[in-house]
Amino acid sequence: MALEIETSLTEILARCHELSLRQRIPDDEAGMAIGYFPVYFPEEIVHAAGLRPHALYGGGNHIEVRYADARIGSFVCSICRSTTELGLNGSLKGLGGFFAQPICDAAKHMAGIWGRNFPQQDPQILALPQNVNSPASARYVYDEYQRLRGILAEKVGHEITDEAIRASVRVYNENRRLQRALYAIKRDDPARLSTVEAYLLIRAGTRLRREEHNELLRAALRLLPERRVRQMDKPRVIFLGGFCEQPPLEMIETIEDVCFIVDDDLLIGQRWITEDVPEEGDPVWALAESYIERSAASPVQYDARKRKEDVLMRMLHEAHAEATIISAAKFCEPGLDDQLAQSRWLDQQDIPYLVLEFEEKMTSFEQMAMQVETFAESLLFE
Amino acid sequence: MTTGILVAGIDIGSTYTKAVLLGTSRGVRATAIRRSGYKPAAAASAVFDDLVANAMVAKEEVTYIATTGYGRYMVPFRHAQITELTCHAVATGHHFPAVRTILDIGGQDIKAIRIDGMGRVRAFRLNDKCAAGTGAFLEKTARYLGLETGDIGAYALRSRKPVEISSVCAVFAESEVINHLASGVVPEDIMEGAIVALGGRAVQLMKRVGLEPDFALAGGMTNNPAMVAALESRLGAPLHLPPNGLGQLNGAFGAALLGLRRVERLLADGRAIMPPSGEDEFKALRWSTYVAQSASPAISA
Amino acid sequence: MLYVAGVDVGSTQAKAVVLDDEGRMVGEAILDVEMNMGTAAQQVFEKVVANANLTPDEIAFTVATGYGRYRVTFGDLQVTEISCHARGATAEFPRTRTVLDIGGQDTKAIRIGEAGEVVDFAMNDKCAAGTGRFLGAASFALELPLSELGPLALKATAPVKITTTCTVFAESEIIGHLAKGHRPEDVLAGMHYSIATRCASLVRRVGLTPEITFTGGVSRNAAMVSLLHKVLDTPLNVSAQGHFMGAIGAALYALDHARAGTRHAAALAEEVAP
Amino acid sequence: MAQAHVANPAPTVDARTAGQRLVNQWLAHVHTAHERGQPVAYIFVMGNAVEILRSFGFELVFPEINSLQTGVRKMAPDFLAKAEDYGFSPDVCSYVKADVGLMLSDMQHPSGTRIPKPDIAIASSLCNVYIKWAEIWERHFGTPAFVLDIPGKRFATWRPLPGTAQYDADTRWVEGQLRDLIAQCERITGTKFDPDRLAEVESNVNEMIRLWVEILQLNQRRPAPYNSMLDGLTYIGVLNAWRGTPEGVEYMRLLRDEVAGKLARGEGRVAEERFRLIFSGTPCYVNMRRLVELFESHGGVFAASDYLTYAAGGLDSSGLFYDPSRPLESLAEVTTLASQLGLSNHFFSHQTLAQQVKEYGADGIVYHGIKSCRTVATSMADNREYVTSRYGLPTLYIESDLIDPRYWSDAQIKNRVDAFFEVLEQRALVKGGD
């Protein structure tokens, strides 16, 4: 029985893993796939148009950069570089649209790069506002989401109805509930579900129809309670720094060899709305208002109500974590700035933390393992 | 000689493999050192042979073996592996209870470690991205000036007017060195300039962990009097150095010390010391390696 | 008979050639830069003149190039190595549209226009990754002379992926791979591949237009030539005199000036050189 | 147009002296602001709503200018080191780090000015680092950040037209935020918003824009009377600090007359102008004089620069004017449009550059990539590739930093500049031979 459950889980995870490596747009999605660069993006509207949201989470450490180095400065983060590479090497040829959001200065340039190189994909900036504290904010997000709706309607040649968007919101609300259930397991019983496993399960959603992803998550959630678990004595930590560029799997594994990651900001773009989006009323308004009122904090969002230190404190408290691993992608200015603010705050609170820097393309983890082990040793052997 | 517990610490570094044998009284019973070469496991085994020979004991008399250094997982006969940071910290804390900040300048990286009064690691930072901030920078400069690594310190001490070396890349620092030589700067001033530059980077890293005194230096640079002087002048405070030539052996000493503590703890709890299994622990399926099997990014050369 | 000289003073080597008024090479010389670029330039010039069985007075015009070009006190004119490599490459391979020069400390990609003029260029000289220096690291770690690296790399069967871009760390990475049991030829092939991909990226920066001519000291390395061919998917022209290409280009500029008359050339020299 | 203005035959004071005086006067005002009971605003050069602040009587502090001044005064390494010791990564914007260095130096600026702490801090979204920077002030001074989100271009050919839904949405959004800002200014200063005062400031800005556009256009003629990346930098310093004031208008007028006079007398910036160039990117303030020298020694002059557009705040070269009869609405409109047409174009700047090349009769473009500035430099190489292949223009790409001298390598830059001029010479030869 235990073996069967493990086999079934492994099958699901192997599928997720295969999906996470898929960069090329499948032929049957050509023209239907709407690419978007992290972090916050209202996939529901794309889904409601009958198109396929295609999250662009970089090239990881499996692609070779041949063309993009000639186009992107040497001091720019890897996700911008590898995404450009995927464009230039033809992997994203099938995109029927491309959206970047002004989350940071490098991301804004993605629309310009795309415009010069792939004008036929109609690259656009979706102007997500950096001021969410004005009474006018929700209305502005609403206007911009309506613009998105108009662009997509033109692509598919018909109007996208409120009813269609509401139906998509329901599918995505279900998806978010399932993701929250995964995170609850990870928090309450971390030996039962590793962060790499949760990560693969959630990342699969970037390459599947959302309904299908819901089924996959439900299947995993059915199996997990039955899984046989070996309890281990590892410190409980929070991992920060994976909100945009994604750390390599090896990095998460390296941390999990000696720590339990009981909460994190990995793939926050797939989990950016933290509660259910209202399923009644104007659905575009519901989405816009959810960005203002129910979105996860990240270094690329300014909100006077979400001080970075408070957000971290709440995470530590709710996840019963004893320490933090604060990571930042190389050259990610928002991440590096927050990393410093948070580490100074942790110093004041006398909460142990480890600072790590990563790049999605890194392939050597020995040095990192040494640091993480030392950190765990310092937590365990008080 | 069979007097109580014997614990070995073996530090498998990229260049040298070092070992220390400690007795119950925490006294050093023997030390050994060899080049790591291409086969770290073999080097560790040979160093262990040397160690027991030097101590004139039998291998079986060694109660516990703790490994550290980059090859810490490559030794099948170990009881436990501990990172070199933890080891350096505990060793330094043992020798100098007042030390709060440790600097370790290695060939591949620099480490700054903050410790508490018990020698426990409180915070640490590494610089390993660019060779300009590591001991390799000095070796490069020395090589260019035709010096042996071991002579760097004594040579630099002759300097009266060190030059400023501002290049951020160790390779391009060479061009600076060429330029300085061409414009008539004497080699010792260049060598000292490189030491001052590296010292500055090292102290900056120490600031990242708080720069709380007392300070200690660990690793190979303890043999370099010019580096020690440069750091002390930059810090405006003296540096504690490992005693009795233990500088290079600090990691191994720390490993042995932690091993001894562990043995004492196990014995106090009435638990047995299991022989090393020689096998690595069972590890969960690693999805990253799963990737490597299914979609190997083979070099198309 | 009219003779001209081109002197290319780099950070590691100084090279010089003498041409006659037909543009034929009548002498060449090369030596390592030890302490002083100016001294090296003077010595290599004396050597090349001697090799050509001439006296310095017989050289009508000298053009200096390379990083040390302003240290060449006896030169009549300084021209950057960009223009000189382009000139040398197009003289031998007139259909050249792209030049790749891999030198000891910097790498250059140059795009050439229809009339042989330089249209664009890109250089890698902030970090030594992708330069000949990277091979220097391999040579040191493997204790093999530079000239043996290429032939050995060609014997590789399972190239190793080199991850570091820092030349200094490359040495230790090589040692690490050898420690893990990889064969030297496989590690070397990985090193060559790492350089080739970086250089290819530099070439793409100026636009990969055939024909491509490969110049500089590393052009003598057969493994690099074949890897670049693969990575760029285009054959490369390689001259037997590839490592002298900068000096040859400089000498050809000298020939222009010598033919136009020294007085004019001197005036121009004054105007161009600050 | 330029001929219409007759140069003042005997100006009592030249623009350079006048500019220097104004800068000193401004710094003195800043220095004593709190003693005089004046509120202080920290603002950035791009998208700063300075007109509203001016109408409330705020003294203006430009932290970007403070930071670049540490570079100009060769003091940047000290300030940068303080910030890096504090924990900032070497990869973080060096303006931010110099400012942190200032905070850690008790606000004692190398100009001799003691910079007062802010009563309000405004960060526009035109550079996201502005927002991260303002968060640092929040932590350090306890001054809440006011983030002014100004939606930029959505794609390269974006032309927001009055009357379209998009134009309305964007301007309504900016106007809403400006109203929030006014409410906050009222709370801080205890005075009521005065639309007439705003209208007056706007009229002054209008006059300054008129003159600024003229000054920019005068450099389209040969020989270029000024170098946009040396003289131009001084101009925009004054222009930012005195925007919307009678003194600012006076300065611009003096400057316009002076430039027009030089043109009338045929006085070029360089003795023999051989090549006219466009500079794209942000200056390297530590070595700008040296860089310009390298170019001018070959007879090259920077006739124009996109920097003079985006670093001149809303003073867009396309000449957008306020309508002082509807001061607030018009401020929202111009702020939005200037951002979309002028300021945010470094994300799509290939078009602006191509246009400048035509207008200024340029022979090439020089791109200056900044090590720590992703706002300006992320896609510069891609931009250059496009411009080179599409327009067949000679371009040069050089890289250093805003103020961090560690990233300036003189030999390497000189080598590139020399080679670039060889390219220009060879091209001229080939063209001439056609």
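Going by the order they are written in, the chains are A, B, C and D; count residues from 1 in each one.
One rule holds for everything that comes next: a contact is a pair of C-beta atoms (placed from the backbone, for glycine too) under 8 Å apart; a residue touches a chain by one contact, two chains touch by 3 or more.
Just so you know, these numbers come straight off a predicted model, no measurement behind them.
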| item | value |
| --- | --- |
| Given chain A and chain B, the chains that contact each of them | C, D |
| Which of C-D and B-D has more C-beta pairs touching across its chains | C-D |
| Longest centre-to-centre distance from chain D, chain (CA-based) | B |
| Chain B-chain C separation of Cα centroids, rounded to whole Å | 41 |
| Centroid spacing, where centroids are CA-atom means, of chain A and chain C in whole angstrom | 47 |
| Residues of chain B whose C-beta touches two or more other chains | 172, 175, 297 |
| Junction residues of chain D - those touching two or more other chains | 87, 381, 385, 399, 409, 411 |
| Multi-partner residues of chain A (each touching 2 or more other chains) | 64, 70, 74 |
| Touch list for chain A against partner chain C, complex | 64-67, 69-70, 74, 362-364 |
| Contact set on chain D toward chain A in their complex | 86-89, 91-93, 96, 125, 127-129, 131-132, 135-136, 139, 144-145, 147-149, 151-156, 165-166, 169, 172-173, 176-177, 180, 344, 347-350, 369, 371-375, 377-383, 385-386, 399 |
| Chain B to chain D touching residues, read off their complex | 166, 168, 172, 175, 204, 207-208 |
| Parts of chain D lying in touch with chain B, wherever the complex brings them together | 81, 84-85, 87, 405-407, 409, 411 |
| In the complex, chain B residues that touch chain A | 70, 82-86, 109, 120-122, 124-126, 128, 283-288, 290-291, 294-295, 297 |
